[in-house]
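What follows is a structure written as structure tokens; I'll ask about it next.
A, B and C label the chains in the order they appear, each numbered from 1.
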């Protein structure tokens, strides 16, 4: 955590040149990841997935099915690792926690009036406490975009600090909702505020608006995290969510992280994919590499 | 340095390329054996293996090529301008169709990474032919009510750093404006030019309009001094450029020169730092630094020096040096043993002068010509590494405190080809651009090229422009 | 054995369509009489909504891309030269004249394809204002344009009217009556040329019932008529256009920069220079 005056100083060096950023991201997308390095990447991606369901129609039964898939993504291939976590609404934390009990899969819960965050702080605290009391290992909150876009950055900072205090040892991921912030400068600014206020992870998106994660947004957040580590010694993790459809794209994120900020972040402790349909495509790619043939989705269990 | 996740090799196959054992000159529409009866070897700089043997252009060979171009000019002059357009559009199309083959050959012959040949060189080559094709039938528009005519036979000498792209920059406007051409490619990189000659045949370009004579400096001087050549266009070292200029004195021949550079890349404290680091790296390490407009002097504002250098070194460590045909290679081979010796000598002098160096930690292949990306700090404006063009992956750093100082240091060189300015303050960028003595200025970007954008230098970086409607003037003279 | 007869349709939003009114008109060719759709007011409105989409995509392509697409169109037309000549002959034009018309049309297309990535270098410029300012004037395409080309069966004439707005990034809708079949034939080649949806729309028929709608439609940003267009009808267009300050003009049908000018808006930007 940093003091507010340190934060204001950091916020003054948040300018980003959009054209230069896009060029760098495009250039990294030309990396050709094949053979062993591809298989290694695909396995890493699986281990970095937060298998997610955040729907009005989620039920205990749906969660149990998803957890089974999270623990054993490809029952026919035990060399494929478990995912990192499952991500659910607070009301489903209890059933998720029971289901993961024989594994290393963590349970993450959204809170703070996800996805809009349009509620008083007291409600957000209540939401968070409820999820933690039900056993959540990680909490994914949203920043107060209303305050952010009104220019009340201190309010954004204070809210996150309070929620981190509520979390205690429980990992706090702070969702910036990059699709709503308007420019890359703002994404960097939001990253700085979120990290300085004590977040353990910064996350791109809720997945609930049409504009989700992008490699450009991830790059800015990553650079901010790298500079933050230099300043404070703490590693803040990065989570990308919303719109990562296939394995090819996910591999590009790994390339970006590796080359822009380094391999320390290539670990489920510090990098996550918020995924639902992504996992199946990764499993298909793994199978293809191992057997030489593409699989249909019905070979892999529903989750 | 053990990586957690190392990239596997991803080699672009060279099967697509069919190399002959030896090549002739391309004169009057066909390949002919050299009258000199001599051939010379052309090797791959990344492996030192022999690729092929190329004809040596002696006096007679050059003479034949120029005669052919003289006849070719007569034919080219008679046809309708829109027909010239059509030939050039056709050539552009054929290049696009064989892009991959060209890119692989360029990478093998010159040492540049396949990714760059594929993503930068070849698209620009096609774009240049497309762009200039569209000028052929509307030259009357280009400079208001001026009346123009072509020079006649254009003798063109090009370097080894962007062999096919430099060919396109020269040949496309020359042909579009109605001139015929005798081209002399660089000694170490003739192969893509020879393949281009095949394209000209395929496009049924009238015989004699495009001619190709391979060889070395001697061949070039026969071309420069030939009485029937009406215009010389040269891209290469400042030393040779001055010799050519002296040779042409009093002859009435047209001349354009595109020579060396020692560009300043100015980073102000209010730059977007991460993008500036990227731009500085691109500015000097793109194409192994074999770029005349390379940003080889980093001028960084003292207040951000340490932070910037730390980020720069970190970024340099990500550069992948190795087999140019590996799609993941960033830095390929140095073009020749000669060039490698020159770079090595200059870098040693910099160290002896008291400079500190940082180099990318990497394993260099056993064969071939290689140099690690290098950064100098603690160097002074008086040191040779700061003044002389190295033409390799070597960046030297100087600090400044005020904008006026930045401009003064940037202009303190006999060169004036290009410069870079990094700042988020628009008015300062424009103020600085106004004061820099450079023909191409990139703000918050670097090494950007487009056929419509004029390129060329101030001072000893040469004169004349290539590209855009200004570039047409290199090949047209006023019809009085 | 009876042949399969060609159905002539208009070209809107990269699809071949009949008039929603179902009405047609006929053209007498030497070997047969053909029916073409008579464009209705609703057809015009549909075309405008396609052309709006077309304008967004066309104007956001790089000039280089637009040049390549127009050049590809010339390749398509070159490949079907014999068919064009045949249609011109069927319309009563002598063989030599027909051949000349098509050859010149292709040269005109090549001229415009090549100006696409160059006109801005000739029409835009820095202005030497007094004071420490960077001042630049540059041009942007107007938007959706409606064109009335000459009503003669000539590909050269058709292209001279239709290419200028396209070269600079506008999308267009044109109406041809006597030249309807030729326009539809051109549409077939447009369809093969990678033009994005809605960039170039071709309607057929007479304009008497739709001239009001065309001249009053606010989303049509400019109306270009050929040099021979009836002045009484042009007056109707111009007075209706005044309701939305729509730009109207007679096209000069020449290969020069002025042919492009009516389809452009000039924007001048100032920026101070100082440390």
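Criterion: a contact is a pair of C-beta atoms (placed from the backbone, for glycine too) under 8 Å apart; a residue touches a chain by one contact, two chains touch by 3 or more.
In this text, all values refer to a predicted model and were calculated from it rather than measured experimentally.
Peer 1: Closest chain to the protein's overall Cα mean, using per-chain Cα means, please.
Peer 2: Taking the mean of all protein C-alpha atoms as reference, the closest chain is B.
Peer 1: Compared with chain C, which chain's mean CA position is the farthest off?
Peer 2: Of all the other chains, the one whose centre lies farthest from chain C is A.
Peer 1: What is the distance in Å between the mean C-alpha positions of chain A and chain C?
Peer 2: About 50 Å separates the centre of chain A from that of chain C.
Peer 1: Whole-Å distance, chain B centre to chain C centre, using C-alpha means?
Peer 2: Result: the chain centres lie 41 Å from each other.
Peer 1: Where the CA atoms of chain A average out and where those of chain B average out, how many Å apart are those spots?
Peer 2: Taking the average C-alpha coordinate of chain A and of chain B, the gap between them is 44 Å.
Peer 1: I need the residues of chain A touching at least two other chains; which ones are they?
Peer 2: none
Peer 1: Name the residues of chain C that each touch 2 or more other chains.
Peer 2: Residues of chain C touching two or more partner chains: there are none.
Peer 1: I need the residues of chain B touching at least two other chains; which ones are they?
Peer 2: In chain B, nothing touches at least two other chains.
Peer 1: Can you check the complex and tell me which residues of chain A touch chain B?
Peer 2: 13, 15-17, 19-21, 23-24, 30-38, 40-41, 44, 223, 254, 258-259, 263, 266
Peer 1: What residues of chain B sit close enough to touch chain C in their complex?
Peer 2: That would be residues 82, 85-86, 89, 127, 130-131, 133-138, 141-142, 403-404, 426-428, 430-432, 434, 452, 468-469 of chain B.
Peer 1: So in the complex, the part of chain B that touches chain A is made up of which residues?
Peer 2: 3-10, 115, 119, 270, 272-276, 278-279, 318, 327-328, 424, 444-445
Peer 1: Could you pull out which chain C residues touch chain B in their complex?
Peer 2: For chain C paired with chain B, touching residues are 64, 67-68, 71, 107, 110-111, 113-118, 121-122, 134, 255-257, 271-275.
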